[in-house]
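Consider the two complexes below, in which chain A is the common component and chain B and chain C are the respective partners.
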Partner chain A sequence: MTAALPETAENRYDLGFARWVRDNVEGGDKLSLCMQCGACSGSCPIGTQMDHGPRKIIAMIRAGMKDEVLSSNTLWNCTSCYRCTVRCPRGIPVTSIIQDLAAKAVEFGYADKKENALFAKSFWWSTSAFGRTDERLVTARYYFSLGFLEGIRRGLANLKIALGMVRTGRMHLGMPHKIKDIKGLTAILARAAEIEAEEANDEL
Partner chain B sequence: MSSKMKFSYYPGCSSQGSAKHLDESLRAIAPKIGIELEELDDWNCCGASVGHIGGGSLPNTALTGRNLAKAQQQGKQDVVTGCAACYLNTHAGNEKIKSDVKLRRQVNDALSAADLSYDDDLQVRHMCEVIVNDVGMDKIREQVTNPLTGLKVAGYVGCQTVRPFSSTDGGGNYDTYEDPDFLNDFTEACGAEAVDFNLKTSCCGGSVAVMSPDRTLHLIRDILQAAEDAEADVITTPCPLCQTNVEMYQDAINKKFGTKFNIPVIFYSQLMAVAFGMDPDKDAALKRNTIRARKLEKLAKK
Partner chain C sequence: MPDGGTMVIEKKSGIYLCEGCGIADAIDVDALEALATGDLKTPHCKRHAAYCSAEGVAEIAADVKNGDVNQVLIAACSPRVMTDRFNFPGAQIIRANMREQVIWSHPPGEEDTNMLAADQLRIAVAQAGQFSPPEPHAEAEVAGALLLVVGGGVTGLTAALEAAHTGAEVILVEKTDTLGGWTRKWSRLLPERPPYRDPQPNDIADLIAAVEGDKAITVMTNTLVTSTAGGPGAFDVTLTQNGKNQSQSVGAIVVATGWRPYDPSLLEGLGYGASPDVVSDIEFEEILSSGEMKRKSNGDALNTVAFIISGDSDRMPYSSGLSDRIVIKQALQLLEAVPEAMIYVMHEDLRAHGMAEEFYRQAQEAGIIFQNGVVKSVGADLTITLEDRLIGEDVPMSGFDMVVLSTGMVPNSTNVDLEPAAKGADQLVDDVNPLAALLAAAKAGDGEEKAEEAPAPDTSEEADQDGANGEAAMPGGPILNLQYRQGPHLPVLANGYADSHFICFPYETRRTGIYTCGPVRRAMSVAEARQDAQGAVLKAFQAMRAADKAVSVHPRVGDLSYPEFGLDICTKCRRCTVECPFGAIDEMEDGYPVLNPTRCRRCGTCMGACPVRTINFKNYNISMITDMIKAVDVPDEFAEKPRILVFACENDAYPALDMAGINRHQLTPYVRILPVRCLGSVSATWVSTALESGYDGIMLLGCKSGDDYQCHFVKGSAIAQERMESVGATLESMMLEKERVRTEEVSIADSARVTALLNDYADEIKAIGYNPFKGF
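On to the complex of A and B.
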C-alpha cells in the first residue's frame, strides 16, 4: 500500500517561478523590492472583482504559486489605470507586471477561454489585417467568439448603443478603414514575431 | 509664443469611429491656439491595452516603431496625440526604444522588413500637456469670444492621460497623478464654472468596460453620481474611452441600479470650440454626442 505523497513545498510550489518572472516578465526584476504594504491593492478600483489583489499576486509569485497566479482573474480584470504603479512607495511597475503576466498566461495556455483573451485576439486580428482598430468588427468578432447565442445576446443588448453610434456618425457602415501600406506592416509584424520566437528562452 | 508650432499629429483609430468629435474639435481649435497639426502619414494602430496579449510583446512594440519611423521621415517636430491610450503606448514605447539598445535593434530589424528605421530622438506628447506647457491659459483666454457663463462643468480626467507620465520629465511634468488641475483650468479659461468633482481621476473601467461591462458599471455609476451631486450640467474629459464608456452605458446603469442619469459627456476641445465662437456642428461636433449637451448648444454661437 502506498500512501499519497504528503504535500510539500517542492510539489505544491514552483520555487523557480519567482526567478522566471524576474527574468521574463516586464518589471519582474523589481519584484524583490515589494514590502507588502498593500498600497497597490488599497488603490485598485476593481480589487473587489479580483481573485487576488495586486499585493497578494506579488506575494504569490514570490511563493511560487505559478498555476494560481497564471489562472487568476486578476490578470484580466486589471483596467490599466496605473493607480498602483504611481502610488507604490517602492517604485514597482505593478501594472506592467500584471499586464505582461496576462500575455504570458495566454502564451502558456492558461487563458484560452477567458473573455479578455478572446477580446485581445479579435483586436489583434483587426490591427494586423487593416493596421487599424475597427471598433465594429472587433466587437462583433469578440461577441461571437463567446459562442453564437452569446454573440446574438450581446449584440441585441448593445443594439441601442450601436444605433446611437451610427446616428451620430461614430460608427460607419462601409468597408473597414485600412492603412495604405498594409503589406509593409504585415512584413514588420511577421519579422517581429519571428525575432520574438528566436529569442524565446522562457520555457515556463 | 510667436510663430506656429508644428507637430506630427497622430489621431489614433478612435478618431475614425467613436471619438470622431475629439479629432474634429482638436483640428478646429488648433490653428486658433497656434498649433499646426500635420497628420502622421499612414499611421497605424498603437496596440491599445490588449495588443501585447493578442500579438505578443515585440510585434506590439513594432506597431509603435512603425509610427515613429514614419514620424522620423516627416521631420524633427514632436509627435502629438489627443488619445490617452495612443499616448500611453507610443510615449512608453518611444522611451523604451530610445533607452534599451537591444529593443531598438530588434525593432529596427523588424522595421527593415518594410525598409523603415527609427533611430531619432523624437518626443511623443499628449495634447493636454502641449496646451498646458506650450500654449498656456492666456492664449486660450485670448481666443474666448463666447464665454460659457453659467455652465457647470465636471472635469473628468480619467487615468492614462495623467498616469503614469504626467509628473515625469519625459511626460512634461504638467500635472499631478491624483488631483490634476489642468482640465478645470481649461474649463475656467472658457468662462464656465469648474465644479468640485472628487472622482476626477477615478477609473471608468477602460477596455474591461467594453469587454465585460457587468464587472465595471458600478465604477461609471459612481462617476456619474459624483457629477450629479456636484450639480454639473456636463462632464468634460480628454479621453476617448472615458467619453464613450461614461456616455454610452448610462441606460444600462439606469436599468441595473434604478438611477436616472442623462448627463452629457463631451471633450474639452468641444467646449473650447464653442467658447471660441466656432461652429457648433462643424467645429465643436456637438451633434456627435449621443446625449446632447443642450445647455452648451444653447450657449453656442449659431
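On to the complex of A and C.
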C-alpha cells in the first residue's frame, strides 16, 4: 500500500504532490536532479503520441499538478524502451518513474476506465497465471473487460485475423501453454508482493 | 621645448641601420644611409646584418662608451620588441619601426615602401631633436612603507595581515567598534576548497585574532578618515577616533569598505513586509545561525521553503552569481537541519559559475528543487505565482512556510552615515561618467548653472541605479575626504562600484596610490575578497616603491618623465586640472596649476588639453610631435600620393598595427604612423600642423571609450573624441571636409580590422580629393 495521495485544494497545483512523488514513487527521489534539458523528450520514439513528454511530466510533478500527471496518457503510452533513462545526463530513471506513476494511477483510481490500463491488467493476469502471454486469453479478457457487448463486437471484428493466424500456425488451439515451473513463479511473485508491502510499511 | 633649467648636454646622434629580418632585401638601405648622412646631417651612420645580435649590440655599446654618441637611433624592429637588448645606459634610445610597420606590411622593393622607410628615418631624427632625458621630479617626499587600510571586515583584515607579512607597518581603520564586518554574522561560508560541495566553517575569529596579535598592525576602531591630502608615498591623512583627530603620513591606502545589503522592500511584488515569513537572505542567515528553524509568524517548523532569486536586473540591480551561491548554501544548511524539508529555488537564470557548479549539483542531489521561471508575485499567504516557462503557464504554488528573498550587495563607495559633502556631490557625479568632467569643463565659469545641475542627494537605490548613467550621485559622504581639486570622492563605475576598470586594471582607482578591494569593487564571497585583498596590497606596495623612485606606476611603469608647466604663459583656464583622469593636478590659490608628481600617471592628457601648449614632458612634448609631423616628406598633389597621418595610442592601437605586420596584412602605403601615449595627449595644434603640412587625412586610433571603456588612462580616448568633434566644426568653417579628421576605437586584438580601417580610409580620402592647403 502506498501512502495516501495529498488532498488537492481547489487549484490544480499542490506542492504536497511533489513531496508525495519524492517519497513514494520509484526514482522520485531523483526528481531534483532534473535540469529540464529535454534529452528524454527528444529521445522518446512515441513522444508525439503523448499528452506530455517525459520532461514536462517531471516539471508538472514539481509544480504539483497531481490530477494532470496521474490522468495523463504518457504513463500508458510509454513502451519502456528506456532511451530516456539511457540518455539522461543526470542519471534519472525516467522510465521507472513513469511506470511506477502508472501503477499509482491504477492504485488511486485514475485509470479505471483507461483502455491501456485494462489491457495491462489482462496482460498481467496471463503472465502471472501461466508465466506466458496467451494471445487468445489476453485479447479476450481485455475485450470483455470493456463490457459484454463491446467484447462480442471486437471479437467478431477480429475473427478473420484470428482464423488466419490459426490457419498459418501462428496461434494454437487448446490449453494455454505454461512454463515448466509455474509454482516457482507464483512463489517469486508472492515474495515480491511481500517485499513491496514491507517497504511501504517502512516508509510509513 | 621645455626648459627645466637643467644642464644641457650636446646631442651626439648615431643612426644604426639594421639589415636583418629581410629589411635589406625589401628596402634600399643604401638610399637610407645616403639620406642619413646627407639631408638628415647625421654623419655617424652605421649598418649591420643584425643589430640585435651580440656583435651588433657590442658595436653600439662601444660607440656609447667611447662617447661618440649619446642618442642611439635604431632603424630596425618595432620599439615594442628587443627593448632589453637595445638598452644602453647613458644614451637615449630612439627607434624607427622598419620591420613590423614597413617591410612586413608593405610590398618589397616598391617606390612607396622606400618612401615610407625614408619617412620613418626622418621622423626618428626629428624625434631625437626634441628629446631630452627625463629626470626625477624633486618634490617627492616619501613616508616609507606605512599602509593605511580602511575597513575592518574580512577584506581589510586580510589586507592588513598580508601587508604586515610583506613588511609594511599597517594602520587598520574601522568605522564601528568591532572587527569582522558582515562575515562575523555568517553561520557558515561558501565552499572554497575541493570538492566544493559543502558549506564550510566560518573562521573569521582566527583572522581577527591574527590581526590583533600582529605587532606591525595598529587597529583603530570607531575611527573615520576625515581628510586625505598629498599623494602616493606621502598621503597626509587625518584619522578621527571618538572625536579626536590624529594626523598621519602614509605611503598608500587600501580601501576595503565593503558593502551593505540591498533593501528587500524595494523588490517590487515579492511580498517583503506583507508577511513576517517573507524574509531576506540576510535575515535567513540569522535564523540559520540561531539554529531555530521556525516560522517567524507562529513558530511552526519549516517544512516547505522557497528561495527566490530575482536575476532580473530591472527588479534587482545588485543580484549576481554570488546571490545564487548564497541561496544554494542556505538551502543546503536548511536541509541539513530539517532533512524532511521540501525546498524550492525559483530562479530565472542560475549563475553558478566555475566550481560553483559542483555546489549546485550537490544541492540537486540532496533533493533541492530548482524551478525555472519568473516569479510574478508573492502573496501575503506565501502563494508564489511563477511564470513557469517549461510548463508554459503561470503556476500558483502555495503551502510554503517561509519565502526567502535573495538580495544583493550594494558597494560602500561612500559613507552612507555621513551627510553628503557640500563640495562633493556634483564633483562625484562628474567622475561617475568619464565624459562628465568635460561637460563640467565646458560649463566652467558658469557657476550658477553648474550648481543648478548638481542633483540633490537621493535615497540610496534610486540614485544607485541612476549612477549607471552617470546622472545621479551616490548617497552619503566621502570615505577618504580627498583634498583634491577634483573633489573628495573616489570616482565610481556604473552602479557605484569604486574602481577604475574591473577587468583590465583591477584594484586601481582613478586616484593613484589608493586601491580598492573586496565588495566595494564588485560583489564577492569571503574567499574572493581575501584574494582580492592580496592583489590590492601588492598594488599598494608597487605605488609606494614607485613613489620612492619618483617613477610612474601602471601603465607607464618606471617612467621618470612628468609634465612641466610653463606658468609664464598659463592663462589659468583650468582645463588641465579638470581633465586629468587621476586628479593629479591641483590649483594654487592664485589659480595656477600645480602638479602632485606622485599622483601623475604620465598620460599627457594635460598636455593635450593645454590651449597655450605650455605643458610638456622632457621626452614627449608638443614641439617633438610637431617636428615629427613636419619631418615627413609630403609629395605634391601631382604625385598622386596622398598622405594620411595616424596618431596611434601606444597601449592598444600601436601594438595592433605591429600585429598586423606580423600577420602580414598589407597596409596602404599612404599612412604615416606616430605613436602617442594616449589619445588624450593629442593636441589640437598637431591636427592643424598636419593640415598645414599638406596631409590629406588624419586618423586618431585609440581605445574604447564610454561606460565600458578600455582606455588605459580612463578617459583619454573619450576626451579626444570630444576635442575632435570641435575640430570637425572648425574644419567645416575652413571649407575643409570634416572627414579629414577621424577618430576610431580599436582593441589590441584588432590587427585585421585596423588594417581594413586604414585602407578604407585611404580610399575615402582619395575620393574626397587632396588637401587644398597642400603645397602652401
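The definition used in the following text is that the second predicted complex is superposed on the first by the 142 of 204 C-alpha atoms of A that agree within 3 Å, B and C clash if a C-alpha of one lies under 4 Å from a C-alpha of the other, contacts with A are read in each partner's own complex, and residues count from 1 in each chain.
We adopt the following convention: contacts are C-beta pairs under 8 Å (C-beta built on N, C-alpha and C of every residue); 3 or more make two chains touch, one makes a residue touch a chain.
Predicted model, so just to flag it, every value in this text is computed and none were measured.
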item	value
Which of chain B and chain C A:Leu33 touches, first, second, both or neither	second
First, second, both or neither for A:Gly147, with chain B first and chain C second	neither
Contacts of A:Pro89 with chain B and chain C, given as first, second, both or neither	neither
Partner chain in contact with A:Ala59 - chain B first, chain C second, else both or neither	second
Chain B versus chain C as contact partner of A:Gly16, first or second or both or neither	second
Chain A residues touched by each partner, larger count belonging to chain B or chain C	B
Partner chain(s) touched by A:Thr127 [first = chain B, second = chain C, both, neither]	first
Partner chain(s) touched by A:Glu135 [first = chain B, second = chain C, both, neither]	first
Footprint overlap on chain A, comparing chain B with chain C	none
Chain A residues within the chain B interface of the complex	26, 45-46, 49, 76-83, 85-86, 95, 99-100, 102-103, 106-107, 115-117, 119-128, 131-136, 139, 142, 160-161, 164-165, 167-172, 177, 179-181, 183-185, 187-193, 195-196, 199
Residue ranges of chain A touching chain C (in the complex, touch as defined)	9, 11, 13-16, 18-19, 22, 29, 31-33, 35-36, 55-56, 59-60, 62-65, 90
Contact footprint of chain A on chain B as seen in their complex	13-14, 16-21, 42-45, 47-59, 61-63, 65-66, 88, 106-107, 109-116, 159-160, 163-164, 167, 177-178, 202-203, 205-212, 215-216, 219, 248, 251, 287-290
Interface residues, chain C side, partner chain A - complex	304, 342, 344, 363-372, 386, 388, 390-391, 395-400
